[in-house]
C-alpha cells in the first residue's frame, strides 16, 4: 500500500534544505579550481575517499577524488555507458563500477564534468578496499605518474603494535614523497593546522548526523549522501568547516521548529552500504511514501567515526588511528558493535542493507550482520540487491516489492 | 571432388554438399537426442535428394557441438573455424563475423586470406544470445517471427537495462504491466541484445566489413539495431543458417 | 609410475589423507587458502599445513553467508567447512590478500567451528622499507600467536630446519617443472598438477623424500612423444581443474609452465639459510613473483609473465581466472596488452569451481590452439 501524502507547497518548501545551494556553489568552485590547476601552476593528486588528504592540502596540492566522480557519474545516470566501455577494454563486469567508470572515463574525458583533471601523482589508501590498489595501479600506468600506496592493515581482532608503527611510519614516507613531488620542504605547521581543520569538520559532521536522533528527523540518509561531498573532498579546509557550521545551524533550526524530512515519520530506518546513486530520488520517494525515514547510515558516518581518534598532542598518531580504524576496515564483529550502537542511538526500527555488487568488502558479511541484528536486537533487516553505479544490476520491480513487504513487517511488529 | 560439411548444433543439424563448381545443396533437420544419428541422417537425406551415393563424397568434415560424435567424418573442426571459412567463401571481402547462436554468441575476425585471426565468445550468461530472445518472446506472448515486424513500428524503444536474463524478464513483465506497447518492448529487447553483442565485438576490435551468421541473423529488426550500435552496415550473408556446414565443406574440399 | 601413485591418491582425496595422518601422528592440521601462509612456521611448530581448495559439490550452506558474487573458492571452501568436511582441521590461517578472503576470514572465524584462527595481516605493498619491516614483524607475530594457539614453543633450531626442508621441497618442485619444460612428454600435466596439489597437503618431510624419488625416477624415464602439440602457458589464480590439462591436450596443446597460485607461485624462490630465519622468510615473500593482490611495482607482473613465457618457449598463454576474482580481473587488460606487444597470442577462460560446459570450452580451446 502506498499512502499518498498530502503536501501543501509551503510545507514542501520548508522541507527543502537551504544549504544545498551553497554546497553546489562550493563544489562547482572546487572542480573549476581542480580543472584549472595546471594553468595556475598547482599540482593535482588523485586520492581515495578515505585517504590521508591533510598532507596534500598542507602542500597546496589539489586533491581530486575519483570516487566522488564515480558517484557523480552514477547520479547523472552515465554509469552504464562508461561501464560498458571499460568492459570493451577488457575489464570484467564484476569489477567495482566506480573503478570501471573511472578507467573508461579517463580515456574519453567523458562523464558529467568532461573527465577529471590529469593527475601529477596518485595516492591510494586501502582502508576502504583492495580494489583501489588495482584501480590506482591501472591509472598510474595509464597516466604514467607515481603512485603512493598508504597501507592500512585490516583490523580483524586487533590493531596490532606492528601495524600501528607501520601506519605511522608511512606518514613520514608520505611527507618525503610529497617533498619530492612538490620540490620543496614539507610544511609541518600547515599540516598540523590542516589536521585540526579536518577534525573540526569531522566533529561538525558528526553533530549534523546526530540531529537525526530527534523525532521527527530533520534530514534523512539521502540528504547525508548529498552533503557528504564536502567531507570527502574538502576536509582539512576552512571552507568545509564553515559550510558544516552553517549546515549544523540549519539542522538545529529544523529540529527546533519540528521540520520533518519525511512528513509522517513512522518507521526509522538505518541504511547500510553505499547509496544507489542512480535511484536516489526514487528510493527516497518510495521510502517516504511508506512513512519510512532513513535517519542514519553506516556510510556517511564512516567519516564522522574518524573524529573519535582526535589527539591534539599527537596529530600524526591520531590520523594514523583514524584512517586505519575506519568502519569498513574492521571485522564484521566490530561492525556489529557499531551497528548496535547506532540502532540504539537513533532508535532504529529496521535495517536496510544494500548488497552492492561493486563493493565486496562492504557487502560480504552482511548476511551474518543481518541475522545478528534480527536475532540479538530484534530489529528486522532487509537486503536489497543492486550496485552503486551500474544500473544493469538493479531491478526496480523487485526492490519495490521488497521494500513494501518490509514496511509491512515493520507495521505488523508495531501493532503486536 | 565432392566434400560434405555437417554442423551438429544443439537444436538443428545442417549439411552442405560442395564441389569445385559450387554448392550442390543443403539440408537442415532437428538434432534430437542422438547427435551421431542426426549427422548421419542429414547427410544421407541430402545425398539422396541430390541422387548421390556416400562413396561419391570424398571428404566429410564435422563441426558444431556434436562434431566429435561422427566417427565417419575425416576431421572435426570447431564452428569458429568453419563459420570463418563459410562466410569467406560466400564473400571474400568479409573481415568480421557476428554469430548469434541459441546458447552462445561469438565474434570472429578474419585476415585477408580468410583465416581466423581472433575470436571471442560470451561467458556463461545468456544475455546476448538466441536464448535471451526466446525467453523474452515467451514473456511477451509474441511469436519470435513477429519480432522484426513489431520492432519496425517502434518510435521510442523501452529501456531494458538488466544484463541478467531473469531480471530482464521481470523488467519486461513490469513494462507489460505498465501498458508499454509491445513494439516498444520488442525494440528495447533488440537494443539490449545489440548492446551486449557489440560490446563483445569491441573487446577484440571490429573490422569492416561485418556479416552475421546464425539463425538470429534472419531477424531484420535485430540486425538493423546492431548496425546502429556499430555505426556500420551488416553485409547480408545469403545462407546464415548453414554457413557453418558450408565452411566445413569448404575446408574439406581444400583437404583434397 | 610407482612414484606418482601416492601423489595421485592424495590429490584425489586430500581429506582422507589428512585425517589418517592426524590419527597416526597426532599432529595438528592447519588449513590455509593461499601461498602467503608462512608454512615454514607451521612446520616448525610441529603441525602440518593443509591447503583448502573449495568444492565441486553444490553450494547451499555457504549461500547463507556469502552473496553469489563471491568467488567460488571462497563460497566452496566455506561450504566444505559448514558441511563438517574440514573437522580434522585444528586451525586456519588467513593471510591477508583480497577483499573476499578478508571478509571470509571473519565469517570463517565466527561460523566454521574450527578451534584456532590466525589472521596474518600482511602488507599490501612489498617494495618499501616500512613495508618490509612490517612484513617481518607480522611473520614474527604469527610465530608468537602460533606458539600461544598451539601451546608450543617454536625454537630457532626448529625454524632453521623447517626453512631447509622447504628449500628442499621448493627446489625439487622447481626441478620437476624445469624437467617438464625441457621435455613436456616426461610427465603428464595432470600428474604434475597432482604433485603440486599434494605438496600443499602432505607431511612435508615425507613429501621432500617422495619428491626426490620422483625426480630420480623421471631422470630414468623415456618421455612420451608430444612433438605435435603446441607449447602453452597457464596464468592466473587457483587451478583446481585437472581436467583442463587433458582437454588442452585433446585440443592440440600442452602446458609447459605456469604463473599460478597453485603452481610456480607456490614454490618459486628459496629462503636464505643464513641469518635470522624469520627475516629470511619475509624476504622471500618480498622477492618472489607477486600475487595480484600484492604490489611489488607497477610493472612487475607483466615483466615476470613475459620473461616466464619466453623462458618456457610457449606459443600461447591461457589465462585461467576464477569468476569474481577482482585482483586478477584488474590485471588482465594490462597483461594481455603486454603479451600482444610481445607477439604472444592469449585467450582468457573465466571459470568457477565447475568448468564451463565442456562443449563451449572445447570449441574455444581447439580454435585457439589451431590458430597458433
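Should a chain be cited, it is by its letter among A, B and C, assigned in written order, with residues numbered from 1 in that chain.
Convention: a residue touches a chain if its C-beta (ideal position, glycine included) is under 8 Å from a C-beta of that chain, and two chains touch if they have at least 3 such contacts.
Keep in mind the model is a prediction, meaning the values are calculated, not measured.
A comparison of the A-C and A-B interfaces places the larger number of contacting C-beta pairs at A-C. For chain C, the chain whose average C-alpha position is most distant is B. Centre-to-centre separation of chain B and chain C, using mean CA positions: 40 Å. Here the CA centre of chain A is 36 Å from the CA centre of chain C. Spacing of chain A relative to chain B, judged by their CA centroids, is 47 angstrom. Residue positions of chain A touching 2 or more other chains, listed in rising order: 90.
Taken residue by residue, chain C touches two or more other chains at 323, 350, whereas all remaining positions touch fewer.
Per the touch definition, chain B reaches chain C in the complex via residues 65, 77-81, 103-104, 115-119, 121, 123-124. On chain A, the positions that touch chain B within their shared complex are 80, 84, 87-88, 90, 93, 391-398. On the chain B side of its complex with chain A, the touching residues are 161-164, 167, 170-171, 173-174, 195, 199, 202-203. Within the complex formed with chain B, the residues of chain C that make contact are 323, 350, 356-357, 359-360, 362-364, 366-367, 370-371.
The part of chain A that touches chain C in the complex is made up of residues 89-92, 94-96, 99, 126, 129-131, 133-135, 137-138, 140-141, 147, 149, 151, 153-154, 156-157, 160, 162-163, 165-166, 169-170, 173, 331-333, 355, 357, 360-361, 363-368.
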